[in-house]
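Across the two complexes that follow, chain A remains constant while its partner is chain B and subsequently chain C.
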Partner chain A sequence: MNAARDLPRLAAALAIGAFALLPTAGLPAFYDSFFYLVFFWVSLSTSWALLSGFAGYFSLGHAAFFGVGLYTTAVLAAKFDVPFLLTLPAAAILPALLAVVIGAIVFRLRRLRGELFALLTLAVTFVIATVVLNTPIDGGGGIFMSAVPLPSLMATPTGTLYLLAFVICVSTLAIAWKVSRSRLGMGLFAIHDDEDVAEAKGVPTFRYKLTAFALSAGIAGIVGGVHAMFVGFITVAGTFELTVPLYVVLMSVLGGSRSWFGPAIGATVITTLLYSFSSGDQAMIGRAVVGFILIAAILWLPDGAVPAIAKWLKPRRAASVRTGADVAPAATPARSIGDRNMLEVRGVTKRFGGLLALGGVDLDVREGEIVGLVGPNGSGKTTLINVISGHYPLSGGTIALDGVQIGALPAHDIAHRGVARTYQIPRPFANMTALENVVAAATFGGPVRKPAEIRDEALHWMAFTGLSGKEDVLPAGLNLHERKFLELARALAARPKLLLLDEVLSGLNPAEVDNAIRLVRAIRAQGATIVFVEHLMRAVVELSDRVAVLNEGKLFALGAPREVMRDPRVVSIYLGKAYAA
Partner chain B sequence: MPSATLLGQALISGVLAGGMYGLLAMGLSLSWGLLRLVNLSHFALAFLAAYIVYELGTTWHVAPWWSAALVVPAMFGIGAAQHWLFDRFRVNELASLLITFSVAVILEAGIQLYWTADFRRYETDYATLSIKAGPFFIPVLELALCLVAGVLAWGTWLWLRKTFVGKALRASVEDADIAAAYGVNHKQLAYLLSGIGAAYAGIAGTFIALIATLAPAEIWTWLGVVFAVVIIGRLGNPLGALLAGMAIGAAQSLAMAVFSPAWAPVVSFSMLIIVLLWDPEWL
Partner chain C sequence: MIERLGAWRRRGVLAGLAAGAASLAAPSILRAAPSGKPVRVGGTLSLTGFLAQTAAVHKIAADIMVEEINGRNGFLGRPVEYVLLDDQSKPEMARSLYEKLITVDKVDLIQGPYATAPILAAMGVAQRYGKVMIQSSMGIPKLQTYDRAFPATPFGPEPDKTYPNVILDAMASIPTPPKTMVVLTSKFPSAQFMAKGMQKEAEGRGVKVLLYLEYESGNHDFGAIAARVKEANPDFLWVGSLGLESNLLLEALRKLDYVPKNHFHLYPAPGPLALSPDGNRALCSTFIEADEPFMSRPGMKRIAAEYKERATKINLPYTTLDAQACGMVSEWQILEAGVNGADSLDDAKIAAWLKAHTVETLLGKQRFNGPYNHGDAGQMIKQVQNKEWKVVWPKEFAAPGVKLLAS
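== the complex of A and B ==
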């Protein structure tokens, strides 16, 4: 038995037991309702953070889901005499379904991120509120819950509501904890940092966002269901008000919305504060105090209190200084090139409005081959990489990987099938450490493995790319050379069949370039097929088995590096006709 | 189906009421579009201005235009001061939304402490004055508001389009670093723009004092509609904001006449949702 690990669990179990039995302790009813409100806000803000904190989709529409849940219980219990407890599953399911419908439309649109998503969800709240107000759901008169019998789970009604809110609160925290440690959570954190990269690394972003949205809305709904009994008299104005989304945001941001228990801390602090200014003008002062706290928190603790405290507690480890990558197995025997085609690009076109970026490109890459992709600026090299990796949909033509058509698949699916890429300007997940970046890529790109195995493999690729000692460093703490190699480590950790490298050498000094060239050779020796975009001719000639020259969106020349580079036509597109002689 | 006269009257009242949406939206649209700051405190500033105009008018019998001459420059100063905070802490869009929300809550609390939560009405001789045009009535104050809003929107639009300062501002939005390399003093322009945005809140506030009934919680009533107007009118485009405001005002007013007043909010938000999903070229 591991005492150090079991102690917190024991403490948590004891605390949960003690809190569950609190209403039986004979405290004044005041405590029941105070703690009820704490649990209420903890559940709401934690559920908000599941989508908005973890995945970064800032929603101002939490009141919509809370309100739908509340009205579901109210209508079923007060108008159809459904027993109160039986209405609660419906109060969770209906808002979750609503979230799935909204998400299915909104999450497909790339521009609806950031503050536009926030305002759209706010708009949805107003629309739902108006519909509820003007239909028999409410009809403008409000709904009385006084006739609805409350099951006596505890001696007093407030005790029963306390217990229900407590169970929901603990479950919500457990869900948030579980998600933050799961594959889903890792995917959501990746989406938060850079959604396009997450998709390219194999995160099924659309499905994950929908899942998080449904979970978030479902919890908000069940909280609303219980709250219907707590408030007793339900009105549209009191339900779909701005206070819910804004307090939820405030509490989560204050506590730290990327941490599973950050929102809970923020909710407890703010609820206590608001409760201590409870009447009349005092309530107004309380809101103003909360306002000042929020301003101060955002200005000085932009990530929230919990991450700030964690950072402060963590002893500053000096990042071990080890520059100069030790590329592990340097001189490996060159693997022979297979005669099977790993990549078959046929008649691929890509249009951006009126601009034809790729105009019918054909290219075969054999298994184990290194193909250098060169061409003047704007010739379509990066576009080709973006099309193969699925970042842009095709306008025409087909792409096959290892004999399987991948041209119409979403990017994360292409990644699963063994295509990995790097970005010309490194795009690491900014809030994850270097190791977490590689682990995420291995988790979503590679085959399904145990977390411990994935970690070992990630460490292996970090050592392979010379990043040992930088595991706990955030990407902002790495220099350009290291960030480029982190890109490589991420791509390799996915165990790709086909590796697409977009200008990994640009911006590196000559020594670093030598290093990188050795690294690319070592990668090929492990069995990957490589297509790389590069401007540095020395590297192209040294590395490539064949060189493909693109010009104005078309394949211009293809062949052995030295021959292609001497071809007068190729020289002329690079340097102009005068030099072609 | 209501009569043609009733529909026509609804259309006129809607467009005129939309002028207020547009006037409020203009300041927001400028700071969101050109400074990438979402300013929720805009509404609270407008109401603060309205309460000051009300106070000066009822207690000291100062005519509203003289009050405006005092309030509008003061608002300019507040706007510039607010920008100092954003600039000092390099606040991004979402953080600006939360901070200005807090500012709005604080202002609301302050207003309630001083003026209480009671409804206040600034009675003037011309509050109910209207012109009769054929079968229709046109309220004078609302008409004046629309004219002022029109002049401001047109002037600001020309200023952004035609003058060097305006072009410099728009260049800074595209790429602040490159614009700076060409000698654009973005910081100074940002202060100017924040001040102008807040000054618009002051102008809107003057009209709010004359037209509407004041209560601290009323700060939030226009929030949703005006944000819809800002987005539909295209960020950073004052003329678009005014036109979108009038369009939404008209649509709401017609919906009220044809269906029932309670359905009005659905109109603006449905329009917003449709525009966001439809994603037309001009957005």
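== the complex of A and C ==
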């Protein structure tokens, strides 16, 4: 068991040792040069994947950060005689700072996602290229590096550059590996799948994106710093061209941009292929073959080679490592409704331009209480859930949770303070398994715990919601009923003080509704405070301690379910007929 | 600028000239076919990527020359094999592929790649292994700091000084010599280098530079620049252009109803500018054209005909043998002369021989004993006349009946 676990580590250590000693093996110097370029592309594509692959923020601006690093080294070494090695920290820090500045602006704007982010990063590249070209940084004449002394870390200059590129490559892969297995990585993957949900589940999305962007840019910068010495003559046209972003995207896509090791595989394959067809007679054939392989990979391996291989291996491995998920739901006795308010909503207003969605709503929810939120379509029910959970900022009013004001806090902070929610249409993280979805919610939404504890708790809530045996299934493999319950499991795993359920019963058949009602009662029995939006009146009456009716963004009625449902005013605006018990 | 040669060198010069001329002029049938293990000459060209169009020109010229050399006596009686790799227009690929050629393929000799950045990347490799490297397209000679790197194109060691004076001399010869000029240049290193020299030399000769403007390489919108040129209305417009930039600039000027009086273009795409409705009387830099007196140089007619046939076959847009192609021809001529002259494939001996001798090439007699291994500058001026390029300056290189036409 230990040997099986240690074997990959041993192989990695041996490979690192072997590659570190390669320049001393007496091989032709070309191999130093060839592997330098492999390491170069592995580092660049892996660094790109830290933001674009992991978090899904597709960047076409990697050449900007690579170029800033390259010119930092070139200018400091060639114009100010700073020793080459001393320029490298600056070559990493400057692009990282640039990324932080750009990210601090861009990541605050929700509309700058997807293609707009890609175009913006491309524009940044052009702006930086223009600045470099039209200032003394370059000025158009290029920078010749021949007078810059290269330290003799190895016997030959090529060996020295090889070693530097190798160290950066190994460090980059180590960073990518560490990130992919860390809380940061989990958050980035969640952002990739659904950023709004990630934020609502407690992922500090802004900070995580900024961290990934800075890491990505810093690595690209230091790679550029070393590359300045490898190329020897630096020009703006040769530095800020589209080759860098194009190649890193292709390499990452081929290998798998969500995998820490995927871009490395893609980079190695494409670099090797480009060399394999470098003969003068095969130049065009080589380009065509590379193009064909990429098209084939995109068609048949849309997630990349590494995830495809992992998927192929998974059934065998799963059988050997799977642990029991048979943590039974605790039989907690029902708790009575407390005296203090868990939620206090005071004069809450929400405007969307000229539309008043919520017009001064007041609502108290006591500890352990279940409040049903009903009203006709467009009455503001889901908007109220969204402002309580922080998805929408308040236009006015206050919201307090357990006596603490949360109305001005970001959604992830509200989640940390104990508010969990579900979505009317389930929004699981599509590329995470069911168990990973629940683990992510427990990690970011609940108290700080060890990974093993989080996993056990996630298994517990999966069993609680009847999802045992579905741990390794992707959300796409679950039916609607299961996806709804996965939403519940995610919310419960955060150990919320307040649970907001948005039409959790919609779309279920009668048997599934009965099952869900039992489940909500069981949740309530464990002491949770629940606000739920529901159209199914049977469920509202059976589950609610009180019912709040919203109409045109205002609280219209509040009281015991049966009384409210019989209120002629409520009937007239919402039900159309009296509810018959 | 031209260094005086000593008597001992004069003999070397004569020997080199004789060897070069004889090899070019002699029919291959008089020579024994080369035999034995091939002499492998490695090099890269940018067969793919953004420089691919120019590489196609160089590849045709190189193929012709390898056949020519093998049709004579090869190198030292052995056939020549050209090991050509594609550097994909990337300097880092050029560097690593020259490492491959030298350390893995173990070629006997190398030829340089195309364009300044790949040349400088390859030059570092050549220097580490002591290989002779001949190149034909590095426009900034002072960057050629390696002792065994040789130019195949006669830029001279300071083209930023010599070349402006060639065009200024030409302009001084017209009935109304220009008193004012505008210098425009692409921010491409070699073009910008020449533009700065042009500005300085013009001012030194009393020509007032009304405007010096730089634009980004590959610029497509010349409207604003054209307006400023029109406003300045210089007697002479000098453009440090590449590719189609000159066509775009002239078109933008036409849209403003302005035709520049005299206009020079540094490195334009030759075909499009010659055929452009705006290109009439455009001046340009050159080292040779497929016309007299150059056609009388040894081997020129044969190579020009062969080039045209092959260029037509692969649908090149401009099929006339031009200075670009002749630069590659010159590379091989210099290498052949060096090998034969040194009677060795040893790089040190070839380099020593080249430094001590003058070589007859299609681009004229070339020597390599000046700064940065450059010899005499051989720049000329050509002009579009009736949709064809004609060398017009210096006068002795103009074809019979051809003369510089002032606007």
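Note that in this section the second predicted complex is superposed on the first by the 546 of 581 C-alpha atoms of A that agree within 3 Å, B and C clash if a C-alpha of one lies under 4 Å from a C-alpha of the other, contacts with A are read in each partner's own complex, and residues count from 1 in each chain.
Criterion: a residue touches a chain if its C-beta (ideal position, glycine included) is under 8 Å from a C-beta of that chain, and two chains touch if they have at least 3 such contacts.
Given the structure is predicted, the values throughout are model-derived calculations rather than measurements.
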Fill in: Three-chain arrangement built on chain A, chain B and chain C clash or fit
clash
Discussion item. Contacts for A:285 in the overlay, against chain B (first) and chain C (second): which applies, first, second, both or neither?
Written reply: first
Worksheet item: After superposition on the shared chain, which partner residues are touched by A:122: those of chain B (first), chain C (second), both, or neither?
Response: first
Fill in: Which superposed partner A:131 touches (first chain B, second chain C, both, neither)
first
Item to complete: Using the superposition on chain A described above, determine whether A:527 touches chain B (first), chain C (second), both, or neither.
Response: neither
Discussion item. Quick one: is A:447 in contact with chain B, with chain C, with both, or with neither? Answer first, second, both or neither.
Written reply: neither
Item to complete: Applying the touch criterion given at the start, work out whether A:140 contacts chain B, chain C, both or neither, answering first, second, both or neither.
Response: both
Item to complete: Please work out whether A:230 is in contact with chain B alone, chain C alone, both, or neither, and reply first, second, both or neither.
Response: second
Worksheet item: Can A:151 be said to touch chain B (first), chain C (second), both, or neither?
Response: neither
Worksheet, complete the sentence: Note: overlapping chain A surface for chain B and chain C spans 130, 133-134, 140, 281, 284, 287
Worksheet item: What residues on chain B touch chain A, complex-wise?
Response: 38, 85, 89, 91, 93-95, 97-99, 101-103, 105-106, 108-110, 112-113, 220, 223-224, 227-228, 231, 260, 262-263, 265-266, 269-270, 272-273, 276-277, 279
Worksheet item: Which of the residues in chain A come into contact with chain B in the complex?
Response: 58, 105-106, 109, 111-112, 114-116, 118-120, 122-124, 126-127, 129-131, 133-134, 140, 242, 246, 249-250, 253, 281, 284-285, 287-288, 290-292, 294-295, 298-299, 302
Discussion item. With touch defined as at the start, can you tell me which chain A residues reach chain C in the complex?
Written reply: 28-34, 36-37, 40, 130, 133-134, 139-142, 144, 146, 156-158, 227, 230-233, 235-238, 243, 274-275, 277-284, 286-287
Fill in: Interfacial residue positions of chain C with respect to chain A in the complex
45, 47-48, 59, 83-88, 90-93, 95-97, 99-100, 102-104, 116-117, 120-121, 123-124, 128, 143, 145, 187-189, 192-193, 214, 216-218
